[in-house]
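I've put the structures underneath this note.
There are two complexes below, and they share subunit A, which is joined by subunit B in the first and by subunit C in the second.
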Partner chain A sequence: MQLFRAVILRLLTTAVTLSGVAVIVFVVIRVVPGNPIAMMLPPGATDEDVARLTALYGLDKSIFRQFLIWAGGVLQGDFGTSITTRQPVLGLVLGRLPATLELSVMALVIATVIGGFAAVTGTRLRGTRSEAAIDVANGMALSVPDFLWGLVLILLFGVLWPVFHISGRVTPSIDLPFTTNFYLIESLVRLRPDLWWDIVSHMLLPALALAIPLAAIIGQVLKQSLKETMHLDYVTLSRTKGYSETHVITREALPNAVLPALTLVGVQFTFLIGGTVIIERLFSYEGLGNMAIDAVINRDLPLIQGIVILFAVIFTGVNLIVDLACAALNPRLRHG
Partner chain B sequence: MADGRGQVRRRLGLRLWLSAGWLTLLLLAAVLAPWISPKDPLAQDLFLARLPPFWMDGTEPGYWLGTDSLGRDVLSRILHGARVAMTVALVAGTLTCVIGATLGLLAGFLRGWVDMVISRLTDIWMAFPPVLFSILLIAVIGPGLGAIILAIVVIDWTRFARVVRAEAMAQGAMDYVASAQVAGRGRTGTMLVEVLPNVLPLIVVLLTLEMGIAVIVEAILSFVNLSISTDDPTWGGMIAEGRTSVHQAWWVLVFPLITLFLTVLSFSQLGEGLKDRFDPVLR
Partner chain C sequence: MRNLSARVRGAPDRLLRDVSLSVAPGEVRGLVGESGAGKSMIGKAVLGILPRAVEVLSGEILLEGTDLLRLAPADRRRRIGATCALIPQDPLTALNPSRRIGPQMTDRLVDILGWSRTKAQGRARDLLAEVQITDPDRVLRQYPHELSGGMRQRVLIAAAFAAEPKLIVADEPTTALDVTVQKEVLRLIADMQARHGTALLFVTHDLGVVSKVCQSLTVLYGGLVVEDAALRDFFPAPAHPYARALLAATPKYTDPDTSLVPVPQEVLDGVQAQVVAADRGWRDG
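Moving on to the complex of A and B:
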């Protein structure tokens, strides 16, 4: 019952946060200088043409009225029409969402594998020079942001030793037989390893750039958590039973050490998703972030609004899921 | 045990000095750029386009790190770019720190409705993708150094507010705060004289980290071509240009990238080093 009330409260604050985001975005982009309508029309357009189109997009009404109309539409799933492409914003945004989701999830998986491996290895080798080396590498990975790692990776694996692609999502000349925009998943489902490898070799570097700082955080937190768990009696007991040190760490200590790291990974995952904006730009990857930057440059107000709201929904959604997962996994909260 | 601790301290010391050394060098470069640059950073010469750095074949004397596709000297542009980077780091970092830390201190110490308003605002702010938000703000305010600084302050104050709030809350629950109030200090007095000095080390660490972040944000904004006017040399602008011609002239990308990398690393190592210095257990 208590959990139920906590969930309701949490949903309410999420709603407040999202409404706040909607209001701020709406107001901020209405003060953007530069008339998007004038940019749409050919140079010879008359003032009447401009006025007619302005009225069509509802830009002649007061900001408050515009907000009410837009918010009413949003609640019915209508995010308006993009000014540059003249297509519904929702369709455009949802078309790009799979690319960004695949990239973020791939980065999360890479980060978890590298971070988990670093934490376990560091714990296994504690007290040696190798542990110190892992710590130093961890510290460096942590203090340099994804944008710079992306550039470093472009130089290393795109230019110096060109084994991976550094721009785009697939090789443009390939004819894709896909019906959805989840290219990576669909290439697997359709059993097309050739396409799968082309897509992965495009995604690997941007995903790695996003993953490196997160891997460092996971490595650090998990190692700290493992260190505390390793002192517990049950771990000592399993060691006296004669299990190998690696078995003790991975089978006995790790399951209990994961929970504290989970909350943090959730919060950090939202930062990773935020990072896709610039990483997609850097690697010319056709996802939401790249589309967002183009929308800002083209002053495409409805599209910017739609993308920012979608990002905010993803951010708050991830946080919500992490909170609920932690409550569900933590026996003290579950039975509270 | 004492030996191990000494070793830790020596390692921290080296890290701290290396970072501080690099940043001092950079600050000097920024101040002295017009006098120490070998060439005019804006001078274009298509006959000298894409000259490689000095150890390779086909160079011209005086162009130590080569030239970009318009024949501009890479070294001189890096030195001049340091001016923008350092200005943004110092000014934007400090302003963000003052505003964020003030809000965090107020929320954490006063609690009640002040805390509620500030915390809700922080939540809303954290729901924005920061890079997209900064690009949007620059589109609204228009390009320029002032706009970049403003955008960084508007976006990053939450970093300080959240952490300082939590720390002020923890300090506020301690006995010394209660005794100060019993001894007759007012709430504002307690906050400024008792709590603030105890939160200050944390604020200094955050400030150092924020300076590194500010340099990166400026580079990202120049990278998407929204920073200062395209004429002024910035590291991000150089990187953007280097990215497009990376197959023909890698040095246009590599040298500003190394500079940016070392700068960001130095700021964060300085912050980490200071954090350990302030840690009473290690001290």
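Moving on to the complex of A and C:
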């Protein structure tokens, strides 16, 4: 019951947040220079043409009127029509969403595995040179941004030793028998390992580029948290029971060390989703981020608005999930 | 334990200086000393949980004739887990907050000693009943934060006896508790020890506690054993001047108005000289 109320409260604050985001995006992209109409028309179009098209998209009205019209539509589930493609924004955006979600979650999983492994190994080997080596690797992974890792990975596994694909989401010649855009999931559900492998080998490098800095953060935070936990009496008590160091770390210390790390990982994950914008561009991966860049270049105002709103929804959603996960993992909160 | 010496890696001075002591089956031995005298170090050495920075220089720790220090680390760990147990100091931090009581009591029985889960659970239930917990089945399903400090200490005492260990190290088990609970817990430990016939090494700084539960005691100063006596010989007249002064410094509960008596400086100087002499012998040898 308490949890239910917390969720409702959270949804209300989320609505306020999203409204704020909507206002800011709407105003900012109309104030910055650049005119979508000028981009659409061929050179030599008359002033008459410009005026007609401007009126068609409602861009001759005041910003305030435009916002009311757009917001009214949004509340009814109509996010407007993309200026460049002339298709409904909602359909375009939702069509790309699965690609970005799959990529981000894959990156998160990779980052958690690598970071968790590094933290446990570093704790296991504390005080040795191997720990120092892990710390150095961590620092490097952390200080190089994701898009540079992207370039490094393209060079290594796309050019020098071309084992993975570096462009697109799937080999274009493959005819996908899919009904949704969750290619990775659907290839699994339909038991098509051939397709699954093609999709994974496209996703792996961009996901890895996104994952490396996050893995370093997870590794660092978790290791610090483990370090504090390892001093506690119940860990010592477990040692006297005859358990190995690895068992002591993973079974006794880790579950309690994960909690403080989890909140931070949630925040970092939203940064990772932000990072998809550049990474998707770099790998020509057909996701939301790539679409966002095209939309900005073309001054496709309704599409930009739609994408930003969707990103905001994802961010708040991730935060909600992290909070719920924290509550679920902590017995003290669970029994409130 | 014979002639055990240990030091912080790289440090010039030893932490434990040729410590020898023994605990017979069924015996309760008090291990007394000021903070920093090395009494907890001894407990940790026996249980194989010395801090990484501390190295054992010489000596042996004999458990039923086997020198623990000669075993390979994994063997030593398992041997200790199967035959020794710890009653920790602070019941509030000695239970894992994210695990239920049941698994925390039975994990050693199942994982190290290879018992079946049902048998281990039955054992845990019996032990909880033995330490006068009224609803063992419920407690086994609870998380530590749902229990009071006194209850948690009972659980830890029960857990220590779970594998019928040969030796239990009690590391100041009453220090973190308030005085009313202290007495009860003390009696509980003594009862359990007597019933199970376990050897118990009772680490404490409180001679009052020693007089209640122990049959013999070892007094440490600066990692050096200064007195090793049976309780009935010690309390009327300790042999060593430092032990005498320590006894005199113990506040009397019967007469709360007496002011605290510090250990006289000349006694401290004397015992310090003894430590220095022991070190001189060690360096020359």
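One rule holds in what follows: the second predicted complex is superposed on the first by the 294 of 336 C-alpha atoms of A that agree within 3 Å, B and C clash if a C-alpha of one lies under 4 Å from a C-alpha of the other, contacts with A are read in each partner's own complex, and residues count from 1 in each chain.
Here is the rule we use: a residue touches a chain if its C-beta (ideal position, glycine included) is under 8 Å from a C-beta of that chain, and two chains touch if they have at least 3 such contacts.
From a predicted model like this one, the values you see are computed outputs, not experimental measurements.
Colleague: Touching A:K241, do we find subunit B (first), subunit C (second), both, or neither?
Modeller: Only subunit C is touched by A:K241; subunit B is not.
Colleague: Thinking of the overlay built on chain A, is A:P255 touched by subunit B (first), by subunit C (second), by both, or by neither?
Modeller: A:P255 sits against subunit C, while subunit B stays out of touch.
Colleague: If you count the residues of subunit A that each partner touches, which comes out higher, subunit B or subunit C?
Modeller: So, of the two partners, B touches more residues of subunit A.
Colleague: Counting only touches as set out at the top, which of subunit B and subunit C does A:V144 meet: first, second, both, neither?
Modeller: In the superposition, A:V144 touches subunit B alone.
Colleague: Mind working out whether A:L282 is in touch with subunit B, subunit C, both or neither, as first, second, both or neither?
Modeller: A:L282 contacts subunit B only, not subunit C.
Colleague: Have a look at where A:I321 lands relative to subunit B and subunit C in the superposition and call it first, second, both or neither.
Modeller: In the superposed model, A:I321 contacts neither subunit B nor subunit C.
Colleague: Which positions of subunit A touch subunit B when the two form their complex?
Modeller: Interface residues on the subunit A side: 13, 16-18, 20-21, 24-25, 28-29, 31-33, 139-140, 142-145, 147-148, 151-152, 154-155, 158-159, 270, 273-275, 277-278, 281-282, 289, 292-293, 296-297, 299, 304, 307-308, 311-312, 315-316.
Colleague: Can you list the residues on subunit C that touch subunit A in the complex?
Modeller: Subunit C reaches subunit A through residues 47-49, 52, 74, 77-82, 84-86, 88-90, 93-99, 104, 107-108, 111-112, 143, 145-146, 156.
Colleague: For the complex, which residues does subunit A have touching subunit C?
Modeller: Where subunit A meets subunit C, its residues are 127, 232-234, 236-244, 252, 255-256, 329-332, 335.
Colleague: Help me check something: in the complex, which residues belonging to subunit B touch subunit A?
Modeller: Its residues touching subunit A are 120-121, 123-124, 126-133, 135-137, 139-140, 142, 212-213, 216, 219-220, 223-224, 239, 243, 246-247, 250, 253-254, 257, 260-261, 264-265, 268-269, 272.
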